[in-house]
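Here is the structure we will look at, set down as structure tokens.
Note that the chains take the letters A, B and C in the order they are written out, and that residue 1 is the start of every chain.
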Amino acid sequence: MKGRLRKYRNAMMLGIFLLFTLLALVPLFGVLGYVVKNGISALNFDFFTSLPKPMGVSGGGMANAIVGTLILIGIAGLLGIPTGILAAIYLTEYDRVSWLSTAVRFTTDVLTGIPSIIIGIVVYTALVVKAGNFSAFAGGVALAIIMVPLVIRSTEEMLKLVPQTIREAGYALGIPRWRTILRIVLPTAAKGILTGAMLAVARAAGETAPLLFTALGNQYWSHSLNEPIAALPLQIYQYATSPYKDWHSQAWAGSLVLILLVVILSFIARLAFRSRKNF
Amino acid sequence: MGQSLTIRNLDAWYGDNQTLKGINMEISANQVTAIIGPSGCGKSTFVRCINRMHDTLPGARATGEILLDGESIYAKDPVELRRTVGMVFQKPNPFPAMSIYDNVVAGLKLNGIRNREKLRTAAEKSLRMAALWEEVNQRLNYSGMSLSGGQQQRLCIARALAVEPSVLLMDEPASALDPIATLRIEELILELKKDYTIVIVTHNMQQAARIADSTAFFLNGELIEHGPTSEIFMNPKDKRTEDYITGRFG
Amino acid sequence: MKQNRVKESIGDTILRLLTLLMAVSVVGLIIWVGWQMFASAQESIHTFGWSFVTNRVWDPVKQNFGALPFIYGTIVTSVLALVIAGPIGLGVAIFLNEMAPAKVRSVISFLVELLAAIPSVVYGLWGIFVLAPLLRDHVEPWLAKWFGFLPLFQGSPMGLGMLAGGLILAIMILPTIAAISREVMAAVPDSQREAALALGATKWEMVRIAVLAYAKSGILGGVILGLGRALGETMAVTMVIGNRPDILPSVFAPAYSMAAVIANEFTEATYNLYLSSLVEIGLILFGITLVLNAFARLLVWSVARGPKGGHLV
């Protein structure tokens, strides 16, 4: 009799885990479904080419916000990706085991858990207050800080996969160590590193909180990196919390574009990784 | 032309573990010298000392003297030294991100040689010497990983030859290959000794007997016996050498 | 006898120092963040002292600032999120790791990762226009009807409030909990599973005896990482929590979170003490998440050495 009870309990628990898994996917389809449904009906040519219209006036688009987001992740990528890759090179190529590299790894992991709005505050006090104005540059810096720990961790994993014999082959040819690292080890892991970097960019593209007090947002085109700049997440936030129906539908359309951007970035990253046939 | 090597009182350690003890040995130019012995006897460490690859491992160090044509290798920059003393590894290790052509010229390119004509000539010459030219000249842009294991190893030999070393160290270069590929590597080694001094580590005694002019037997980090190959195999002076080559241990 | 060490070339020195600098700058960054916040919060710290965390009034007009309502709102929503997402996330991890066939596993784990890839602001938008009305019209009246005897479920259904915040957070931290739990469960050696099965254990008993027992500190770490993420999550909560600095027992009621008040009022803070008080809230948030994350990472590291970067986590 006891055996039967155990079997029932087994089936019940397995059923519960399956149920939980299905339950976890409900919000995914809920969110994606609404974004696609409400987003597509508000998407049109104007959305990609026009500036936002003033309050209460219908029409207009998010052209400046789309470009703004691309500029912001561009700045963030330029600052954050090299920094992260170099730090990861230190952790794999120069110092794998000391207390210092353990401390760096630990801090990197902890840093990924710091709320992104905190990064916004700090960049505000360090850059915006000093410069006297909100700017695209400050927004890019804030996003770069978010990206760095992600890039470090993924790059480190990829560099660890490069067999030691590849490095030795370089040394044995009389190639200096630094050239071996930059010209042989890095290219060997390039696709994996790129994947990690793209995922970090995708993550940064969707961030709103660090931009609130740095990039600020802008209803118009920005003419320099030293001016406030629009960004898709900021625009979505502003429109979603406004009382206008028209803006609400624009927010859905913006969300659709933002999700497509993020998903496309991560998807490209994954494809790049899958096609990897090296080592 | 090959250069000769003189090893004097060479000791080597990994951390506290001494892997080579007081090695004294003469290696003649333009000969094939085989290093044999049971695994863990220090044969790999020995060849890795000659191009100072041993020093690159954390916690590893070596003391003593190694002379290359009478000049101390420790007086040279280790990176320079490795262009004179090339190395081929146990498992073929072409650079995965590079084409066949780029693999061959990697040592030249990354040491600052830009002249395309020069690189082209060097690549063809090295591939011919490695007996690979006929097989790959139509697909130099393919990835080095697209070749078979034996071809990859010959590619690695070509890559080592392209920087024009005078000594070639080979650490069990055929142990990961099938018998036919092994045979080709052995023929190649016999060709190459005209121009290079070759030191080959092998766990395969028949291989040593087939290709080596002289053979050295290592045991527990010590050089037990070194002499012409025929003497080592037919008429070993040391009991331990005899035990090893007759298969009584190891 | 001389020591034959390899000397370093100039190129090597440059690359080594450059990479060292970048690596150390990560450690420097976190110290710098803490220091910047601490410096900017000085005015508030001096003016209010410890009463800042016990004062339940937030009145910019009278220059009276207390963080208690925000701490309360943050804790209630995060705990709600944890209660919901903890078991579900663990269930997903067990399903994926121990039960699902390989094909199903890769599809579902991709979908769960996708859940983490959706930007916070999109969750907020969905929360405002889909989740909140649903709660207001259906879920909250139902909860009030059946569980209304608890103070937790009293008051009029509002939609926007702590329940909405907690639910949104639950959705957002679920992938974190599931991913970390999976990672530590994957580190459990198969010999443990086989040992349990060899004793005649059912699948669930095997999971309980071999997997969960072995991985529990790592799973706890994953749950705490999820908590850390919930505490600091800004946009989605800001958009659905109702933004009222009150301390009310009902989860239907609007409230405010620490991150939300910073997001809403930072650019409107017109005088130094106001700004400084907001920064001090940020400093408290930073301190809490720092400690939680450090603790959680130690737990996870103790099970699965050298955790993966966690791409989307």
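Some observations on this one:
Keep this in mind: contacts are C-beta pairs under 8 Å (C-beta built on N, C-alpha and C of every residue); 3 or more make two chains touch, one makes a residue touch a chain.
Everything quoted here is computed from the prediction, not taken from an experiment.
Path length between chain A and chain C in the chain contact graph, taken as the least number of steps between touching chains: 1.
Central chain assignment: A. Criterion: smallest distance from chain C-alpha mean to the mean of all protein C-alpha atoms.
Rounded to whole angstrom units, the spacing between the C-alpha centres of chain A and chain C is 17. Put simply, the C-alpha centre of chain A and that of chain B have 47 angstrom between them.
Note: centroid distance chain B to chain C, computed from Cα atoms, is 55 Å. For chain B, the set of residues touching two or more other chains reads 56, 79. Chain A has residues 176, 179 in contact with two or more other chains. Multi-chain contact residues of chain C (touching two or more other chains): 9. The touching residues of chain C, counted against chain A in their complex, run 9, 11-12, 14-16, 18-20, 22-27, 29-30, 32-33, 36-37, 39-40, 87-89, 91-92, 94-96, 99, 108, 111-112, 114-115, 117-126, 128-130, 171, 174, 178, 202-205, 207, 225, 228-229, 231-235, 239, 259, 262-263, 266-267, 279, 282, 285-286, 289-290, 292-294, 296-297, 306-313. Considering their complex, residues 163, 165-166, 168-176, 179-180, 183-184, 187-188, 190, 277-279 of chain A touch chain B. Within the complex, the chain B residues that touch chain A are 51, 53, 56, 79-84, 86-87, 89, 91, 93-98, 106-107, 110-111, 143, 145, 156, 159-160, 163.
Interface residues of chain A facing chain C in the complex, by the touch rule stated above, are 6-7, 9-10, 13-14, 16-21, 23-25, 27-28, 30-32, 34-35, 83-84, 86-87, 89-91, 93-95, 100-101, 103-119, 121-122, 124-126, 145, 148-150, 152-154, 156-157, 176-179, 181-182, 196, 199, 202-203, 205-209, 212-213, 216, 233, 236-237, 240-241, 248, 251-252, 255, 258-259, 262-263, 266.
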